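The structures considered in this document are given below.
What follows is chain A paired twice: with chain B in the first complex and chain C in the second.
On to the complex of A and B.
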């Protein structure tokens, strides 16, 4: 162990010396640490939605002279670790970042489970955590003062969907959901919302994570001929359900799949078939000039588009951190208090937190239309008209 | 080393390691925790699979069962009681399952034990969804990192002591007999079925207890994270690298492998899996008996040197 730390120290010293040589009078960099999946099953989501944004942001900030720390510009240095998609490694990595390396700030890992796992640590060490890919009332019920959830909560998203269905006079809905915290919370919220609006649920069914065939379930639902079909699904199932529904010719007036629908790869894989498919989204390049600038920078840096849901939340989290640091510096307790008490300008609009929940960003329904994932609900956020009823599969 | 002296040495080593929480940082302690956890998992795995050549991939299933015992029980039962309970539940489950499938051998046994992990994962998901209306449980009011470390250390030390005691016992000889020739062992009066089920359950006890002890570190317990097949594979891998037929081999390999993985992960974030893979291939090719097979060579070299010194 001893040789290992001294080796690491020597390497770090060498890097610092090299950096110091080029910028002799520069300030110490602001160290920002995170662990995220580069390998294992979480990597697909983490490398679409989260890490590219961290790197892009750090590069932009440094290109502009550095991070404004209460008036002083300081370079940003990212300390990044691979968590191997393993909860225990996530915990150990953040213990290293906060306890041993004592980085100035941290950025969140990917996914609800990983964020859950480090909540006791962020409270112990006192680091604000602005999480773009953690959703669930259970997280907020922990009332961790350092935790801020950027993503809309399940009830917010499902209420928006139910409102849209009401506006289109949809009478019957069938829904399926994945057996996991995400699916269960969304399904519970959707059911309550539909019942409150008197929309009839003709079928509800769950399926296990990692399912490989849902055709029998879809056939049953097709026979019941609902106006709307909602799948509270994860990316692999989102693709499966879309493909199999097309194969059996199941084409309800509203066809909605959840996570993964907002990924550009959904459009790229399905081509014209994606037309009219609805899903969880929040923004697109047409949402505003700031969103457009972010979109263009992302495409330029990575040669791929950001997803139309949580990528923007990840960026918004970085914007909030940047604004707070400019105001109160790197005193983390003060940062937490400032983030908890103020409103921030981001690419998805103003954001204010209440008990750790983003209470400003409304629930949104989006739909693939002409190659863009258009926001179609609520009307004041819409970037395009809804295609209703959905056209036949192409 | 006689078994009694080996047990004494194990306890002395464990007592020395038990001082770590007061000497190191949180990070170094959790690195040590990983080493100690894998030491317990691999030694208990080798206790049955290494000796009998029944390659079990069920470690992840027993580990997950233990974790769920904690997830269900914490709040009503004290942590110190949940850890052995997790072990007992896993052992009982292993006994039932073992009684049903331990007539299978080789690849068939390996595949069915891997399937066991999937079976338990889906069963718990279904059970939780139907009766508790949730999947995944939040654990609050958890013991501190020192308590967790000492508990995991105690379980792992118990695994090593048990492995030493088993090896020196009639039961251990019966297991070894099954490993070298099951049919002959039976004709010599070994109750093969009973012995295998008991060995399998005993090894599951420790995996279950370790799962129960570790679960409190993750705040949120869900089937997909605790029934992680990776834990099962890694256990087998480390045991093989160390030398599955021995006790010291897996023990040493747990420490070496955990530290090496972490070192590579931190120093070469994009390359570490490739480096690790290359290293494993080299080990399997050139050291098929595991690290433990180096021991006689080292001993012989030391003896030669001593002899040389004496002559010189």
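On to the complex of A and C.
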């Protein structure tokens, strides 16, 4: 009796295994490769804005039965590597993913520099790259047919800021910028936008990445008493500039800091001090039901909030990829052509690309107000009223 | 007048931060020739411990300082026993020991940094503590920066006093000058060595705890601080407590005045310019004897 049962069990197991094998054969997983910073200085940005979204997306797609590849559902398998915040490791990793492993699709690394570094490879192997954290006309000028920039370009963002300043009759602006490709491009764009609108620039200064004290610079600017202050800054400096401006009682009517302002940690660290600080943003949970659903899923999975700028662009990139694969499958040339030629529905609204640039998402100005990074400009995207003039530091 | 005062005070306060960062490494490298390149990583551990204690348990970071010091001191004893004791026993000369300790330091750096990534992830962390401004002779500074400055001055003077006037301090200095000679006159180097190393790590931890009030915390925050610390102790003179303070303050002042009169982007050029200038005039540092 006992042998019978175990025999029956073995037979059942064999049948099941065979069935499983056929099923697995029919739905071989779609391999999606990427390298991203899990360690090193880029990791803080990459792990807030990008990789949590990749993982959340893959889990959601698999929970729903898999990725729709032209009508066939196939599981997604992420092939993820740590690039250690080193450009050469980024390049080597993508060379391996596309050249040796021959993954089906790739997702982009974090940051303008890393994306810039792999552009030639992407073109050589013909993989569409939908980049949420690469910005700069210099990248678009390369006219790489496989590169799609999801984020607003510097001139788009700075034009929006200048429009907002004009609407509030701001007459004078002082700005500082970080001495990196990002800061230089933004600063050039801001200067052109302000000049075009006749807003006077009373001071502009650059500073190096990793600076530990900017009080002397801020004091000099405070003495010039500008209506608006803009810092085209990176995360650690964004915090430093905000803290030190409060310390010296520098209270311009508009106080704007760039990357990092949209991070939830900015609000968590500064509390009421964050009130009224403006920065680069695109969205928040109030932007629409899809944005709210994304926000809730992100908080549930990671126990932390997504940032209010590029996180949603990263998610939008995944949505575009998903829609394109559903339509044309995994033929990467066809994918590229389909992405280049069509308009897509995403959590940040419709997106269409022109020569690799997202020409649908407008420049946006956001502002911390009552614990949320409210979109305050342009008016048709606004989720809340602008606080102007910014109240004194709390 | 108040303008000059403000500029100088701003420089001195930032200089105090540099000095605090360098204190621990000064003990380890300056006095013991342990090239602990993972100095910044232990500073990072101190910062994380303080951040956790404040945000999870609500412990006042200043009250928590002794706990950080004790934790890192014990960690220092353990690290010494596992890594540096066998190294010291096997090295034929101080130079070889120094070179080998550099490699061990690199290993520790990767180990500690990656452990922090596993434990806390790569996110930036931060909290506000003593972030309110205070008036000081017409200029305004945040309280936390003033606390760091006060600690830098007090700790440097205390260290100076200990090294110069106490028997333990004399034993430590003797140990550096001649390990064999020190043993011959009865200095218990087998105890003193790990204790001084542990004290170095404790100071790194305390520096991290203080910096977590001023700057953001992340697993990769340590490396730049190691570089700052190396510059400061070389500038001041290896092993000199007062040199460490003076080196830090000098760098801070140069940066503050440089930022005002030239461009902040020239900060590195100015700092290294002073560094090279001092080393040309006094190759062994400002306060080397």
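The rule is short, and it goes like this: the second predicted complex is superposed on the first by the 368 of 394 C-alpha atoms of A that agree within 3 Å, B and C clash if a C-alpha of one lies under 4 Å from a C-alpha of the other, contacts with A are read in each partner's own complex, and residues count from 1 in each chain.
Heads up, the rule we're going with is that a contact is a pair of C-beta atoms (placed from the backbone, for glycine too) under 8 Å apart; a residue touches a chain by one contact, two chains touch by 3 or more.
Predicted, not measured: the structure shown is a model, and the values here were computed from it.
Asker: Is A:39 in contact with chain B, with chain C, with both, or with neither (first, second, both, neither)?
Answerer: The answer is both, since A:39 touches chain B and chain C.
Asker: Going by the contact rule set out at the top, does A:66 touch chain B (first), chain C (second), both, or neither?
Answerer: Neither partner.
Asker: Is A:208 in contact with chain B, with chain C, with both, or with neither (first, second, both, neither)?
Answerer: Both chain B and chain C are touched by A:208.
Asker: Can A:179 be said to touch chain B (first), chain C (second), both, or neither?
Answerer: both
Asker: If you stack the two complexes on chain A, which partner ends up touching A:265: first (chain B), second (chain C), both, or neither?
Answerer: In the superposed model, A:265 contacts chain C only, not chain B.
Asker: Using the superposition on chain A described above, determine whether A:216 touches chain B (first), chain C (second), both, or neither.
Answerer: second
Asker: With the two structures laid over each other on chain A, which partner does A:145 touch: chain B (first), chain C (second), both, or neither?
Answerer: neither
Asker: Take the contacts of chain A with chain B and those with chain C, and give the residues found in both.
Answerer: 38-39, 179, 206, 208
Asker: What residues on chain A touch chain C, complex-wise?
Answerer: 37-41, 43-44, 46-48, 85, 176, 179, 205-208, 210-217, 219-220, 235-236, 239-240, 243-244, 246-249, 260, 263, 265, 268-271, 273, 304
Asker: Sort out for me which residues of chain B touch chain A in the complex.
Answerer: Per the stated touch rule, the residues are 25-28, 30-31, 34, 122, 125-126, 129, 133-136, 138, 140, 142, 214, 217-220, 222, 224-225, 228, 230, 259, 262-263, 265-267, 269-270, 272-273.
Asker: Where on chain A is chain B touching in the complex?
Answerer: Result: residues 1, 4, 7-8, 11, 38-39, 80-82, 84, 86-89, 91-92, 95-96, 99-100, 112-113, 116-117, 119-120, 138, 141-142, 179-181, 184, 206, 208-209 of chain A touch chain B.
Asker: Once bound in the complex, which stretches of chain C touch chain A?
Answerer: Interface residues on the chain C side: 6-7, 10-11, 13-14, 17-18, 113-114, 117, 121-128, 131, 133, 139-142, 145, 214-216, 218-220, 224, 252, 255-257, 259-260, 263-265, 267-268.
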